[in-house]
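By written order: A, B, C, D, E and F. Residues from 1 in each chain.
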Amino acid sequence: MEINTKKTLPGSIIEGFKDVSTSTIGSVMDKMGINGIINGLKCLIPGIRIAGSAFTVKESIGTLGTYTKADFPVGQAIDLMEAGDILVVDMGGQEVSTMGGLGSLAMKLKGVAGMVVDGGIRDVEQIISQGFPGYVVHICARSGQTRVKWLAVNCKVTICGVMVNPGDIIVADDTSVAVVPLEKAGEILKETRRIEELEKTFEAELEKGSTFLETSRKLGVI
Amino acid sequence: MEINTKKTLPGSIIEGFKDVSTSTIGSVMDKMGINGIINGLKCLIPGIRIAGSAFTVKESIGTLGTYTKADFPVGQAIDLMEAGDILVVDMGGQEVSTMGGLGSLAMKLKGVAGMVVDGGIRDVEQIISQGFPGYVVHICARSGQTRVKWLAVNCKVTICGVMVNPGDIIVADDTSVAVVPLEKAGEILKETRRIEELEKTFEAELEKGSTFLETSRKLGVI
Amino acid sequence: MEINTKKTLPGSIIEGFKDVSTSTIGSVMDKMGINGIINGLKCLIPGIRIAGSAFTVKESIGTLGTYTKADFPVGQAIDLMEAGDILVVDMGGQEVSTMGGLGSLAMKLKGVAGMVVDGGIRDVEQIISQGFPGYVVHICARSGQTRVKWLAVNCKVTICGVMVNPGDIIVADDTSVAVVPLEKAGEILKETRRIEELEKTFEAELEKGSTFLETSRKLGVI
Amino acid sequence: MEINTKKTLPGSIIEGFKDVSTSTIGSVMDKMGINGIINGLKCLIPGIRIAGSAFTVKESIGTLGTYTKADFPVGQAIDLMEAGDILVVDMGGQEVSTMGGLGSLAMKLKGVAGMVVDGGIRDVEQIISQGFPGYVVHICARSGQTRVKWLAVNCKVTICGVMVNPGDIIVADDTSVAVVPLEKAGEILKETRRIEELEKTFEAELEKGSTFLETSRKLGVI
Amino acid sequence: MEINTKKTLPGSIIEGFKDVSTSTIGSVMDKMGINGIINGLKCLIPGIRIAGSAFTVKESIGTLGTYTKADFPVGQAIDLMEAGDILVVDMGGQEVSTMGGLGSLAMKLKGVAGMVVDGGIRDVEQIISQGFPGYVVHICARSGQTRVKWLAVNCKVTICGVMVNPGDIIVADDTSVAVVPLEKAGEILKETRRIEELEKTFEAELEKGSTFLETSRKLGVI
Amino acid sequence: MEINTKKTLPGSIIEGFKDVSTSTIGSVMDKMGINGIINGLKCLIPGIRIAGSAFTVKESIGTLGTYTKADFPVGQAIDLMEAGDILVVDMGGQEVSTMGGLGSLAMKLKGVAGMVVDGGIRDVEQIISQGFPGYVVHICARSGQTRVKWLAVNCKVTICGVMVNPGDIIVADDTSVAVVPLEKAGEILKETRRIEELEKTFEAELEKGSTFLETSRKLGVI
């Protein structure tokens, strides 16, 4: 297994992303020509938002009996993760489980912020009761043992058609998962905040009785 | 944008539909040869039922950069809506957002009863916390800006293969969305109520200890 | 309608399966070469686990008007079911409802433990409020009347590609539905329990501060 | 296996349908409110058109080992078919083969006109070299032995969402398969011919140099 | 219906594209960051290549009875087309026919080079026998009458996720459909030709007995 | 890139498989409990059958820009192939091209018998005109350059859910692709031949005028 290290942005930027929605990030990245929104994943714990630094894993998937126990070194990878990371696993969309309740508990205890899986996870009851957030393609009791091989840690991966580089900021909420390129994170956060503040003003106007059209004209937006 | 007006049925009929399920409406429309059931939409707020008058919108969808800001006059449409309406948007099933938290708040404040979208919505966290009901194909952070053009308001639309005319009664619950043709609404409500009363009697018999088969025979049903 | 009887395992074995997860059962059946995991069904009531004896039904599905009322003898089948059974219906994946709130109430009152449907159910609001567990392909208000014919009770069926024999143990939780072959149920339960106990030790080690890798090595697992 | 007999229309009507396209039949049935067009099937032998009387079969499909040899009485059904029939098999869309090269040869020798299968066939090389036309969902080497049970012959079936009654006229060409209700076949043939004659005049005008718009206006069509 | 005019490139550039493959164009556009390849369309006449100037049409699609005859002015659009154009129709992927044998004949007679349809066509037998090339999502006998409304001619459209501007060069062969932006057509043609000449040298080397690896090294490619 | 060697069966066995159909091989492997049939691939050159020894390749797929030129060493792999091999590429079903006209020519010239690709190929016009057989999931002009990384040659791979070991016999015709395990190839060939001889007798009986049912009884089959 190829193991790389990743850059991690200052905590203050990551913290900042916990307060902005993927919907607004999507609008901002649209204007910058960045393809970074992943829609349609199953959200294990609705009603929360996570943000963190992408710790990426690339896997190869086969039928039962293709690989050995040694090919699936979950523990080795978890030990490399740090508080604030988000596990991002590229399984090419296959319906096989790459993570269960023991791995999620270990990550939870280390302060890992959540996981995004372009494939499957199992033990979903345990994972939810631990309060470990996940955004996944499949929930399935098809074990990764002898079906999964870990190829590389912290390499470029593709999640549902979106490229993720190790260290990119992952923001996930009930609407979608946003992949914010590390080198543009500051700029994107700033513009996203600006829009969300404007939206708060817009909401306040609506609640005061202004119509949508009046408010749009008044604030010069949307 | 072509703007039409719509007829609206008396509130008493719409109120009546809040007490009957889409499941029974489906059975009644089956017998009348009406194709009016939409299954498989994502329900944003489970455990409730809405009924209202269809305010329809037909959109054209393109890739990012296809349309202009002026093509997406959300505010204009919202200002035309009235309390008790349900927004029904025909996007041809595309994964693009036509509505976010500002629009839903404006509709909520006007008394709009909910929305049915053959496409996507975003800001789902806000929409749910506002308590604004929605039944949609996609939840996605892909903004409608420059991707969506509003073609017409209150025209015939097609939602997941079902035709909706402006002013039709929309009833939606956890099971499905029923499109009740305006001109047959009274008849359908009456027959639906008759069956649901019979079903309540049936339930009472079951709870008294009668078997399903005995009850069926006794009540002469199902 | 062809009606067969089924064997039922001792209650103690069925009770035992209520304490083990489908995820672990999946791992155990992998090692035994048994294809018995059904993923991707909609779970009506999350957060619980059911286990019971498969009472199977095979149906034929057509468009509206294909069959008669007599072809859909829900009551007759329900009267044959016993406490602890789980209804397993093979509809070939079609989007038509085979069960509604009256049937589920009758089953609930008899002590039936739940249902697994390779097709649709309706009245989902009622079924959930009755607390009757279901794992289904479709939630839809398309009535089975004149669309469904019951061909046989307690025959071999195929649910999402997995064969179910009458009397097999069905275990279902938020992760998946496991079909445990009747004749191997004891062996599978024993091995599943052994692994889950090991996993509890693993969890305890993690919570004491051991890393995933250390714990794996110490316990000689995963 | 339930075996019914079917009515067959006079050969002159069936012969008449060999000269008209499914495209025009579709337009005519649209105006009559008849849902009888099946699109998207794989056509084994392009460039021909077949018309015949529907000999329907309804099957039940399971995984390998579900049924016995006796459940799949291909020979019995073929012996019941007559020259001019078209075999129409309802398999619910499953990827399993219901027909191979021996069955197709036997049908070919009896003068059966072709087959429409809502499921799979195998031995496609042989079937094509025999010149036996087929319109199918799947081409697959997954044998029907122990996977297929024939339930009934000449009953109502549903093929890709379209109801077929025994004796209905089946017309199939490279565009689609049309199911013409037996009792309306004469009327539909007459109107289809009228339109196709008009279209021939239209074509002749175009070839003489008239524009599409001029021709439409002159002939008062489309 | 909104009608716009389009620019058309000099015939020499369009002619040039008839000699290069969509596969090589795809490689060249990859390097330029242009998303212009449409895969997976059904090719009506295999073994040929077409190139022409995009004459775009945007349609709105509904169920039967949604629109009027006047909404579907096929003739008006055909009369606006010129020799060398390729009809490009955006139907949002719906299974409804927008073109039949009369329209294709009229286009053929005018010298229109072919059609690309993100939706359906019918009369495929006639269209093929006329030798009119088409690349389409659906072949289907579901008429556009009352289901299709033409919204605009020569506007921006989206075909299977790729934006097409009126006047863009469309190149289509058995592998795919390439949408070459009008303003970069010269540059793309030049680079595509350079690569294809290199590939011809590569082929000649292989046929002389050189291995793939030797040839790659010798020519400094792939 | 991990490079392994493979065993190859004697030519006489491979030659033998050129005379038997995948349909019959499927029946024989059904009885032996072997999951070795791949249905639904696109066949580039209909009307032929190929048989050869599986030369397997496992790839990792990303979006444009994920990998380098060095990650896609087509030439190196082709130089390792031998006459009679069939290239079998596991791309996890992604719509990206792993092979074009230069590679296919090089393979053709070496006597490679064909290719099976769980992903895409391009330059299909050239490949067909070279007469190089292929069975593929996608035909697409999306180049593998910077999207594909070759991980291993002659390892276990999974093609559309079927495991292929290096050296397994691949047989492909218009019906499907059969993966015959190397160690059981002799046994499978023998039984397949036996059945196909019986089928020839069956055909001869039918052509002499015997009915399907009579022939089945006489020969004691199907």
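By our rule, a contact is a pair of C-beta atoms (placed from the backbone, for glycine too) under 8 Å apart; a residue touches a chain by one contact, two chains touch by 3 or more.
None of these values were measured; they are calculated from a predicted model.
*Asks:* When you check each chain against chain B and chain E, which touch both of them?
*Replies:* Neighbours common to chain B and chain E are absent.
*Asks:* Through how few touching steps can chain A be joined to chain D?
*Replies:* The fewest touching-chain steps linking chain A to chain D number 2.
*Asks:* Look at interface D-E and say which pair in B-E, A-F or B-C is its repeat, using the rule that over half of the contact pairs are identical by residue number.
*Replies:* More than half of the contact pairs of D-E reappear in B-C.
*Asks:* Can you report the angle of the rotation that maps chain A onto chain F, using C-alpha atoms only, to the nearest 5 degrees?
*Replies:* 180
*Asks:* Quick one: report the Å distance separating chain B from chain D, using the average Cα coordinate of each chain.
*Replies:* Spacing between the chain centres: roughly 37 Å.
*Asks:* Taking the mean of the C-alpha atoms as each chain's centre, how many Å separate chain B from chain F?
*Replies:* Comparing mean C-alpha positions, chain F is 49 Å from chain B.
*Asks:* CA centre of chain A versus CA centre of chain C: separation in Å?
*Replies:* Taking the mean C-alpha position of each chain, the two centres sit 32 Å apart.
*Asks:* Which residues of chain E are in contact with two or more other chains?
*Replies:* Touching at least two other chains: none.
*Asks:* When you check every pair of chains, which ones turn out to touch?
*Replies:* So the chains that touch one another pair up as A-B, A-C, A-F, B-C, B-E, C-D, D-E, D-F, E-F.
*Asks:* Which chain A residues qualify as touching chain F in the complex?
*Replies:* 58, 60-63, 65-66, 90, 92-94, 151, 156-158, 161-163
*Asks:* Flag every residue of chain C that touches chain B in the complex, lowest number first.
*Replies:* 64, 69, 74-76, 78-79, 95, 97, 100-103, 105-106, 109, 120, 122-126, 128, 138-143, 145-146
*Asks:* Taking the complex as given, what residues does chain F use to touch chain D?
*Replies:* 21-23, 25-27, 30, 37, 39-40, 47, 49, 173-176, 178, 199, 202-203, 206-207, 211-213, 215-216, 222
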